[in-house]
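Worksheet: the structure to be examined is printed underneath.
Which chain is which? They are A, B, C and D, in the order written, and residues in each are numbered from 1.
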Amino acid sequence: MSKGVHSLWMAQDGVDKIEAPHIEYDLLAPTLIVVGAAVLGVAVEAFVPRRHRYVVQVGLAVLAMAAAFGAVVTLAATGHGTDEAQTAAMGALAVDGPALFLQGTILLVGVLGVFTFAERRLDPAAHGNRVDSFAAEAAAVPGGEAEQSAVKAGFTTTEVFPLLLFATGGMLIFPAANDLLTLFIALEVLSLPLYLLCAVARRKRLMSQEAAVKYFLLGAFSSAFLLFGIALLYGYAGSVKYAVIADVVAGNPQNMTPALADTMGNDALLLIGGAMLLLGMFFKVGAVPFHMWTPDVYQGAPTPVTGFMAAATKVAAFGALLRLLYVVLPGMKWDWRPVMWGIAIVTMVVGAILAITQTDVKRLLAYSSIAHAGFILAGVTAANEEGISSVLFYLAAYGFVTVGAFAVVTLVRDAGGEATHLSKWAGLGRRSPLVAAVFAVFLLAFAGIPLTSGFAGKFAVFKAAAEGGATPLVVVGVIASAIAAFFYVRVIVLMFFSEPRPEGPAVTVPSAFTVSAIAVGVAATLVLGVAPQYFLDLAGDAGVFVR
Amino acid sequence: MGAIATAAVPAARRELAKWLALGVSLATFVLAAVIAVRFDPDGDRFQLTESRAWIADFGVRYELGVDGIAVVLVALTALLVPFVILAGWRDADPAGGSAASTQSRWRPTQGFFALILAVEAMVIISFLATDVFLFYIFFEAMLIPMYFLIGGFGDKAHEHGEEEAARQRSYAAVKFLLYNLAGGLIMLAAVIGLYAATSDQLGAGTFSLQEILQARGNGELELSTNTERLLFLGFFFAFAVKAPLWPLHTWLPNAMGESTPPVAVLITAVVDKVGTFAMLRFCLGLFPEASDWATPLVLVLALVSILYGALLAIGQRDIKRLIAYASISHFGFIILGIFAMTSQGHSGATLYMVNHGISTALLMLVAGFLISRRGSRLIADYGGVQKVAPVLAGTFLVGGLATLSLPGLAPFVSEFLVLVGTFSRYPVIGIIATVGIVLAAIYVLVLYQRTMTGPVTEKVAKLPDLRVREVLVVAPLIALLVGLGVYPKPLTEIVNPAVEHTMSDVQKTDPEPDVTPVEAAHE
Amino acid sequence: MNPVNYLYLSALLFTIGAAGVVIRRNAIVVFMCVELMLNAGNLALVTFSRMHGNLDGQIVAFFTMVVAAAEVVVGLAIIVSVYRSRHSASVDDAALMKL
Amino acid sequence: MESLIGLLVAAPLLGAAVLLCGGRIPQIDRTGHWLGTVLAFTSFVLGLVLFADMLGKDGEERALQSHLFTWVPVEGFQADAAFQLDQLSMTFVLLITGVGSLIHLYSVGYMEHDERRRRFFGYLNLFLAAMLLLVLADNFLLLYVGWEGVGLASYLLIGFWQHKPSAATAAKKAFIVNRVGDVGLSIAIMLMFVTFGTFAFEPVMNSVGETSEGKLTAIGLMLLLAACGKSAQVPLQSWLGDAMEGPTPVSALIHAATMVTAGVYLIVRSGAIFEAAPDAQLVVTIVGAVTLLFGAIVGCAKDDIKKALAGSTMSQIGYMVLAAGLGPIGYAFAIMHLVTHGFFKAGLFLGAGSVMHGMNDEVDMRKYGGLRKYMPVTFVTFGLGYLAIIGFPGLSGFFSKDAIIEAAFAKGGTQGWILGGAALLGAAITAYYMTRVMLMTFFGEKRWEPDANGEMPHPHESPRSMTIPMILLAVGSVGAGAFFDVGERFVHWLEPVTGFEHGHLPEGLSVAMVTGATVTCMVLGVAAAWLQYGRRPVPAAAPRGSLLTRAARRDLLQDDFNHVALVKPGEYLTRGLVYLDHKLVDGIVNGTAAAFGGLSGRMRRIQNGYARSYAVSMFGGAVVLIAATLLMRAV
């Protein structure tokens, strides 16, 4: 720990001697910009006239994300990702390679998220007003009078943009969190807006609300576990700081106290606490058996939200998980590795098998994301530097593919809104070859076909796992990939080789927002697949955690 | 060299797609011919090499180079693709005026030819790659365009109507993809394993074939017996699926049966060759001891393939499936030749790949012309074609005779070399394999008899003979079959040094004859 | 009094809360059970803080209360809107999406 | 001179290429048959030139070598395209081109009304080229090329009238049965390669002494298998009878005079191997003896004139194989019989063709009768051929057959007696069935019946282009034997290549006795036939006949045997495998997919949509997770 950081809480010298905490604003710039913009966004909702809100909010969100991304790049360029890696805000946050890499990824995905949120060409205009995927008035009863009048008035839920920014802010902190408290707060900051975002779909509102309830209750349930885990770990180590806990776990604490000596002897605290902590992470990444919310929520939430959530949350959560395992708990590597092995295997296999019989494209992608979580977990278990960089790379690759894929899903519509049932996708390749081809590219990337980012990522994590001695994991992963390939291929078959139905959905021509989101997704998929070297280097350089 | 890859990739987009595609494929052929000419059989093992860092993190290099075996296969690929394109000239034309074609933006014609070119490019890179990972990538990637070619442009002819045809087609495409993908993924595990092994022992992981060979040669890389065997099996499995070897063969009849004839040619004559080629280059080159260990098993499987494929061919009712099973039998021969571990076997197998490509292409394309005329794939629907369309029947017969390895045509040379090569090390297997040539005669002649001879059936009576375009496709193939049958020397001269290298990789020498000949046959 | 007893209490509360989440149907009650679990966590944190003689645990507990309050805001909003559209707060009624 | 050898093959090959590829050009279509014929004669003339040149040299120096190019150069493996012309090859060259030219000429008339005549000549030329390649090759692999080439030509020609299903089937059968023989040849070549490292004639024959007898026996037996296929010897004889579906000139050229004798050529050519492997040699003689009886018996029962002749061919080749199996004492006689047989059997077939030509293509001898008045030239030439084949003293068959019978006895011991006896018996049966053919066709009353179109046949003599070849062949049938036999001219001609020893008859037998016995047998056979067919009218419908007769009509049940023993099980095997492939191999794959699908269907029921059950799953997961972590530490 750096010298300038004090323990604020050990107030031995009296209250008036408490030093003001030292905050490195420059290092925290990305997070601060995003959260600041979110707060501004709330103010916008309050003060800007309704008709201007959309433009202002979108502009603000994109600007904030771009500025934050610029800040991340600047930090990385000035070596904060590598040599200058350090902790900030009195050790609460880490500014190091993995954090910056993941923040960059989250911000890019976030920009694409804003784009898909801002799309107003897809839904047919209601009473002359262009509308997006979000409810006119989320508080109104579905189908009620209030809703109808809100629709008539052309209301839209522009609050989604600040919510998105808040969530993004939480995600930026999550992988950078360097103590358990920050971790917990970040988790809540990213989760709460997402719960709300799930609930505000314009169409199929009952499902949207149901998704929100499920997500919320189960999410809260899991954060309760996480909190209790934090409590137990704190009890074990006497601190919430990662570095301190790591030392204690490793068995050589800096400041030995009698109480610490007492609790240190109680391994149950560490083990149960660690397990509960991991549980919280597993919930967020959707690992089996904590995955069950995933399909329901992915299906019910507005598709732009699903895309953003699936991509960004996973990135953030895996970042946090990596830091936990590599910084806090390396001392108990021999305890968590077998557990992780088990979870990874079950997740890969169950995700792949369950996806086979899905009939809804969003649920299909949900199960696919579960299987992918399994693959990434395989990389996480490698427990070496390769493991970190391969997971980082995989997350970036996966993030773009996911956003792109869900963006495509928003395009395929019939009278009832998005046509997500797979049977309606039959023959899409004949009606709209371009859209189908793009979706096929995403599916192939999910399936891990060479020359797509999915392959490069999969190869990276499997390689890391193999080098880390987890050969059985690789074998299971390969088998799961084969099973998974089956259902991706099934969709492709459906799109290209089935005759289109006369009543089938049409592809709506989107605005530049969605087009650019999809285009970036495709570009990232292909670039990361064909020439991944640059990004692998990035991820490789970012492969060291600061303590 | 790199130009090959790039030249072949651009997808034809316009109305002129066909001509463009043909032009590109011809240009590729010219390039391939240039390579073949520039290739010096007595020079280094790998020539015209090109190496560039690609994904340093994975130790992957963009490393191309040809040895004698690769060069002939590249030439074969480049040679066949123009014919495939020419033969498939009309295959992807949209069904005139149907509702689907007016309301959709589906442009099958361009797509068809673009996909063919994509496959060509990927196959060529697979042949050229001297980096295991690079090879793997294209080995897998070529599945995708192939998959669309099978599923998207299948044969409309089916005894139970078009809807059934579409169902069968997508089943075939999926089966093709899943089989090969499963094989490929298992290979992926092995590729990763290989990398882990190299990075363990050499310090830095590498996929470069040359580096690995070198390291093995000077003892820096010593794989434990078990590791080597497992890795070998991983690689071999993928290649055996692709090749296809019994009992991993069932995708081929489906795929070939349901796709258009030119695509079927592409599958069996070009794409599947990557499998056998890779056995020769990677399985034998990287894992000589494991190859030796697996030889008995592989030989038996190859033998089963030969007989089983031939027997099933006899039992088929569908012309294209029959040819597919015949191909399975032939692939059995190729694999037999490879794992016989003799120079004759290896040379024979290499030549066999080329010759089988040409002969199957001929047979399949002519069969395709026939099927497109009559609209049925069932053998029983034909009869007496010889009388109505003698040129078609004649070329079909030549293709058939090549398939049954009639001496004087190219396949005979290779088949005999394979048999001799096998026989000199494993006499019993060699003898059983020769039964295959009787079975080949049966299925070819039964097919010919049932379709071409006998009284002219009613529906056949109006079939036109081959058109100029079709003759243009067929004639050069026949000329090649005869030419290479009579004078295969140019090929063997290119192949021989490469075979010697492979033999030294596996540390085998040919069995000596009992008796030293009193004097050489001549000179 | 031995602080460890508070830990036992906290574990008990946590378990009761978890059991409640699993057993109870009313979304509000389920949510309250989650709050109970959070508070069990708080109790543990404070107890440990006392045992270790530093304030970290207490600070975390304060934060947790704020978080819980925020959760209430979000959670109640969602639950209420669901109740308004369905006229039911039972979590078992919300099962449109399955399989 | 050497370069002429290549031309010898090239001429007919060129003809084939032009005729088959240039088909659409009207000029070629119209004059193609003459082109083919001229090229065949060109070959013949070339052969004569080479022959003259050869005669001008001493016996040992007559062999010519001509290396064209290296065919298949592969490490440790050398196959050359190289020719070797020695006395043995020369004999064949003259026979093939000579008889071949005549038959080309004959076909010009015979095929006059066939719209695909050009193609027919193309095939014939192809055959000549392949056959010449076969006899001129200087190594076994090149021989193999010719060997299969003649098989192909035979296939095409038997099935020439493809619209007849029977012809197409017969063609296929011929090819496939031959393929079985070819397996023998290819295995033999492989064995040679493994044993000697080469398969050129000279080095192989020169190093025969250096390897074990077992291997040589194996090579010999495999060569014999090949010979059996090509020469229609038991057990691969079944195709020859069906091959008569082809046009008659084809039967004359390929299935009587030349191609079917290739097996004999092969055995004689590899004499050195057989001499060093007595067991193989014995098998050769047994095959020869069995076939000569087999063919003869079949010949007795057939009513189809061509099939009767086919049986006879089989039988006569049996003689040759028998002789070839006897070693140096028999080689020369085998070849001599081969040549004389080439003359008289070709003549007989052409005669039969002429008869059919006049009888609206009727082949059933029971519907002939009394034709001698209507077709005098045919009658005379056929008659001369008949006398030659039954071994009428003074005609060519007499000399060659008698020599073989003597040689058989000269083998000595019990074997000699048995083989000699079989040969004698064969001679008697030959006389019987040939007399039967003669009587049923040319003598007796007319039993003509209208053909399928309801037309009564109007037998007439054939055109000049057909009769001239018949006359020339008849001359050969009469004179060749005597010409060869005088001063053992033929034997000395061949001696440098095949070697020769005088056979020594066992104690108590003299040359005169054997000759006498042969003639006696012949007379007995003729008499028996006359008693049965000459004295009383021939029934127009075949009587049911004895068990043996019925069996013989069905080719001594050979096809039935093949059907039961090979075809049926083959069909069952194929069908079974198709089923298995579909159900088992494919089934496993599809089953796996279905299993995953089913598993998935079951597992997704857990996802029942109730948030509480999700919570249960999470809670359970938490418990397991914690328990596992604790357990890990405990362990």
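Following the convention adopted for this analysis, a residue touches a chain if its C-beta (ideal position, glycine included) is under 8 Å from a C-beta of that chain, and two chains touch if they have at least 3 such contacts.
Keep in mind that what you see is a predicted model, and the values were worked out from it rather than measured.
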Chain closest to the assembly centre - both centres taken as Cα means
B
If you tally contacting C-beta pairs, which comes out ahead, C-D or A-C? Let me know.
A-C
In whole angstrom, how far does the Cα centroid of subunit B sit from the Cα centroid of subunit C?
65
Using Cα averages as centroids, what's the distance between subunit A and subunit C in whole Å?
24
Calculate how many whole Å lie between the centre of subunit C and the centre of subunit D, each centre taken as the average of the chain's C-alpha atoms.
96
Whole-Å distance, subunit A centre to subunit B centre, using C-alpha means?
45
Residues of subunit B engaged with two or more neighbouring chains
178
In subunit C, which residues are in touch with two or more of the other chains?
18, 21, 30, 91, 94-98
Give the residues of subunit D that touch two or more other chains, as numbers and ranges in rising order.
593, 604, 607, 609, 611, 615
Which chains touch? The pairs are A-B, A-C, A-D, B-D, C-D
Help me check something: in the complex, which residues belonging to subunit C touch subunit D?
18, 21-23, 25, 30, 91-92, 94-99
Mind listing the subunit C positions that touch subunit A in their complex?
7, 10, 14, 17-18, 21, 27, 30-31, 34, 37-38, 40-42, 44-45, 47-49, 51-57, 59-60, 63-64, 67, 70-71, 74-75, 77-79, 81-82, 84-86, 91, 94-98
Subunit D residues touching subunit C - in the complex, by the definition given at the top
604-605, 607-612, 615-616, 619
Over in the complex, which subunit D residues touch subunit A? Could you list them?
593, 596-597, 599-601, 603-604, 606-607, 609, 611, 613-615, 617-618, 620-622, 624-626, 628-630, 632-633
Per the contact definition, I'd like the list of subunit D residues that touch subunit B in the complex.
20, 23, 67, 69-78, 80-82, 139, 141, 144-145, 147-149, 152, 155, 159, 162-165, 167-169, 171-172, 175-176, 179-180, 182-183, 186-187, 189-191, 193-198, 200, 202-203, 206-207, 210-212, 215, 570, 573-575, 577-578, 581, 585-586, 589, 593
